[in-house]
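First comes the structure, then the notes that go with it.
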Amino acid sequence: MTTLAVDIGGTKIAAAVCDENDAIIQRWRVPTPMDADAINDNIAKVYREAVAAGHKIEAIGISAAGNVGADRRTLTFAANIPAWVNYDLSEHVGKLIDHEVPVVVENDANCAGWGEYVHGAGQGSSNMVALTVGTGLGGAIVINGQLFRGSFGMAAEIGHLPMVPDGDHCGCGLRGCAERYTSGTSLENFAKSAVRRRPQDAKRLLELCGGDINKLEGPMVSQAAQEGDVLGLYAFGKIGEWLGRTMAATAAVLDPDLFVIGGGVVAVGDILLEPARYNYERFLEGSAYRGHAKIVAATAGQDAGLIGAANLALR
Amino acid sequence: MTTLAVDIGGTKIAAAVCDENDAIIQRWRVPTPMDADAINDNIAKVYREAVAAGHKIEAIGISAAGNVGADRRTLTFAANIPAWVNYDLSEHVGKLIDHEVPVVVENDANCAGWGEYVHGAGQGSSNMVALTVGTGLGGAIVINGQLFRGSFGMAAEIGHLPMVPDGDHCGCGLRGCAERYTSGTSLENFAKSAVRRRPQDAKRLLELCGGDINKLEGPMVSQAAQEGDVLGLYAFGKIGEWLGRTMAATAAVLDPDLFVIGGGVVAVGDILLEPARYNYERFLEGSAYRGHAKIVAATAGQDAGLIGAANLALR
Amino acid sequence: MTTLAVDIGGTKIAAAVCDENDAIIQRWRVPTPMDADAINDNIAKVYREAVAAGHKIEAIGISAAGNVGADRRTLTFAANIPAWVNYDLSEHVGKLIDHEVPVVVENDANCAGWGEYVHGAGQGSSNMVALTVGTGLGGAIVINGQLFRGSFGMAAEIGHLPMVPDGDHCGCGLRGCAERYTSGTSLENFAKSAVRRRPQDAKRLLELCGGDINKLEGPMVSQAAQEGDVLGLYAFGKIGEWLGRTMAATAAVLDPDLFVIGGGVVAVGDILLEPARYNYERFLEGSAYRGHAKIVAATAGQDAGLIGAANLALR
Amino acid sequence: MTTLAVDIGGTKIAAAVCDENDAIIQRWRVPTPMDADAINDNIAKVYREAVAAGHKIEAIGISAAGNVGADRRTLTFAANIPAWVNYDLSEHVGKLIDHEVPVVVENDANCAGWGEYVHGAGQGSSNMVALTVGTGLGGAIVINGQLFRGSFGMAAEIGHLPMVPDGDHCGCGLRGCAERYTSGTSLENFAKSAVRRRPQDAKRLLELCGGDINKLEGPMVSQAAQEGDVLGLYAFGKIGEWLGRTMAATAAVLDPDLFVIGGGVVAVGDILLEPARYNYERFLEGSAYRGHAKIVAATAGQDAGLIGAANLALR
């Protein structure tokens, strides 16, 4: 059973042929066009190349950054691709490949979380929540060995849990969503604010961004924090605090046994996870009288989304 | 298959023998003692009376106002009964009845919600959330025909979803929990605040509480609202707003197809449900691009908890 | 110039004859009746006794726990005395003493703050804010040597600065007022919450309240904190944090050179003042680029209100 | 008494020679350079031209968008001009004009508010707060005929009153500042969010911004609201609500008799002022038992800042 996994990210499309154990056999990577048709063409082209290379593809699994309907075919909305409003991506791609194989579409955070469940830190959990801390905050829920998609494909949208009424305004049009407080974007925001308020402590962060605070980016904050810089550690302390609060809110609904935290910023390890764990216990209902979920870093790596998409394509 | 259902409430213990369709055959009602041993004795006594009356009891199902562990036996914590800290209620009651039948313990909101699922407004839903608006706010989740208890028995604690950081302080020791904004208690609080701020509009509410605002109770607010009183409607508008916000937060995790709203205050119907529905849509992520859960009043009545406990006892 | 100062508190009426330097010559103390007429009678009786004792009283200065109009005569509202709604206290008392001397009424926090300005820690400031942390949180503002009353007598109501939208509900009918986070009442609330959430750390506080958390009172929290108890220190850390935030908010309007903190809880000194100072700087606009107000404990003692009322009576 | 008033805005420097009644005799307008030296040169050049034109200048009054110290000379910080950190603008300009006349520097919102007090809607008030709703939210306080600057020049920073803990992040490095909820910027943000959430109602706003929501600007929202567009009215309703809340918070400290609302967005009149007045009363402490400040639109027009700077230069 060989599948073609496709991960449509904000800047690049990654694709891979995976074997029956989800191991990657061959890879492709192309820039993401802004145009929906061009995206479809790229996917079809990769499929043809894979077939031409001799792979017996049985299904295509697409990981997409957007809301995917319960049908596992339709993008209902995506912040970055205006055409993706109630857009049947499965049909559009299928048409280009003469419907030779089924095309299954899943939300990118669902794919990454599922990847952790089948091949990473989530193995063996019976009630897992995976959170991907990237530009935003994505979520995936796995209950009793099944990805939980909700009634309209909108379950596990934990990045949009309302954490602060009238809080930071979010690209979704609401305010105070969790991802405004826990994400790479919010890491930058916390660090920028700290530089503005504590210029006397800002030497290292200003060095890293060439003196222009508007050019400060997440990886610079990670580097500073790992060097022990006080403002870098502060910024991770804040997103960690809100990660803990967000997990506590999630636990009020789901009471999971495991949280798996993925995404680029998790490379700093306990710099993020310790404040997250501390605040999870601090804001968890009945903390002193109950079992607690484990909170661990993801282990499936950057291919988690591809692996998850590959595995889900045949389910 | 006959079961004995027991509902241990804050003021009374209700019990009932139920037939294989969960229909109630015989009832008992006694005041709730504050002492854990006396509660156990009462339950054993009712059981003996039921047996003496000729009922072939196969199991006892107990609905308890407290946190129940995943074992469906142990009260881990209960605000009203200090002895119920990691207290194996199943064992304590079982001992008194010579372990003749199994004793299954469930959280009261889970029982009421399950009652709605099997015999009330929740029938047919594949992803249901039931909310009981009483002194506090209880929740129950039913996914694919199963009550979802979570990993430590603490799922569906929706009354303790954190809605307002640094908000109203809650009996659980946290702040800003949903039940501080949606519950009979909060209905009274909103009404009292309105009386203090708008004395010129407070004539009817003051009449109903005999002129002493500290004696204002939920049913008075319901009566005033049903008469069209502006402050009574305001108070329901506020708990309805927060009910809508709480459901929107829940939907960010679970994306259900149905919310069933129960508890005494729901007797006012659309006075509560309309602001709840309006604010659900207002605060739901991607509201314009997705399917929406139905929001309906509970229909199984005051016996929902007993019926649910009876039904769960044999599962 | 001899004046009679009267301080109408929640439980007792204190009175004193003061000389031209506001030094106390003779004292009275009686329980506070709940009835407005009885309060007036008590004041008149003390006045007659003072005159009979040979004091040449030139004015009566009354410190009252309530909102006082700009006329310095009228109680517009008082939470504890229902009759004090647009109640001309000056006229009612004046009538009983045949209008022999003028009767000046001031808000109690204004009197205490003014007492600090003329004889305590506020001396020499040209832009002072005094805060009295008692059951609630009272404020007084002194600008250029004048008590600042505002246009309707409602200036310096800093205890009702809105700190948290939808926050803790306040007796005034609003939510999230500063005094719900900084006051003796909130000290108790923070401590009670801590006991509920961290029972393993609660040994000392539970001892002090005899095992019944509902009987925990402010002075017990002060004692525990002074002994180094972790939950006692936590509770002071929280009201200190919010005191700092409240002062930072005040500074956005007034930019004072001095905050004087009075009231019973200030006896713990830096246990309260250090978190207050830290959070003042943390939440102050432009903290790194401006002069900062000093934050000091009150020094005029428990008579600050009487002294202030005496001094204001002749202004 | 002739003065030269200079208003250094974000995009242009306006200058005017004013007579002894603050009437404008002659005007200049040049683009604002980003460089502090070039700004100084421009001011000196205008001064020379004014003198050359025969005006007997007695003082220069400069209105600057930044924090001005209590010395009325020094910019302590300015978001837009990096060099203005503890920068003695008075000395730098004075040197270029051989110290022929005194150079007085004031915060721009203070100048505009003072202009309203001496020649606009604030005349006759004894306790006025002026708010300028522009890109941000500026404030000015006039007590007993004097501009109130505070102890370090930072009074009336009402745009940075903390309204929402953990709220929208502000350029000052704090969160939840009033100007994040009441300003031209926040008007755009509320409108953009509304378009995202209610695309079915967004036709007119999308037309006005050419279909690209990222290009939506304040004046388009004003136009739509004045045409009766529901989302335009919604956006003004929100900034009006927060303007009301901000004034209520200000009143807890200052209890003014008058609020004067200026800035470009006030052109919509009651579309902004009615929700502001409604929410002022809603969130004002003791609303039912006190006098209320009037809330009116500014009348001194776009020259309020110049007029104010001219008048203040000789005080």
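Going by the order they are written in, the chains are A, B, C and D; count residues from 1 in each one.
We take it that contacts are C-beta pairs under 8 Å (C-beta built on N, C-alpha and C of every residue); 3 or more make two chains touch, one makes a residue touch a chain.
On a predicted model such as this, the values are computed, not experimentally measured, just so you know.
Taking shared numbers over all numbers used, the chain C to chain D interface scores over half, which places it in the same class. Ranking B-D and A-D by contacting C-beta pairs places A-D first.
Our note on geometry: chain B versus chain D, Cα centroid distance of 52 Å, whole angstroms.
Once the centre of each chain is set as its mean CA position, chain C and chain D turn out to be 35 Å apart.
Measuring from the averaged C-alpha position of chain A to that of chain D gives a distance of 42 Å.
In chain C, the positions touching at least two other chains are 164-166, 172, 174, 197. Contacts from chain D toward chain A in the complex involve residues 164-169, 171-176, 181, 189, 192-197. Chain A meets chain B in the complex at residues 67, 70, 76-77, 85-86, 126-127, 139, 141, 143, 148-158, 160-165, 172, 174, 177, 245, 248-257, 283, 285-286, 289-293. Every residue of chain C that touches chain A in the complex is listed here, in rising order: 165-166, 197-200, 287-288.
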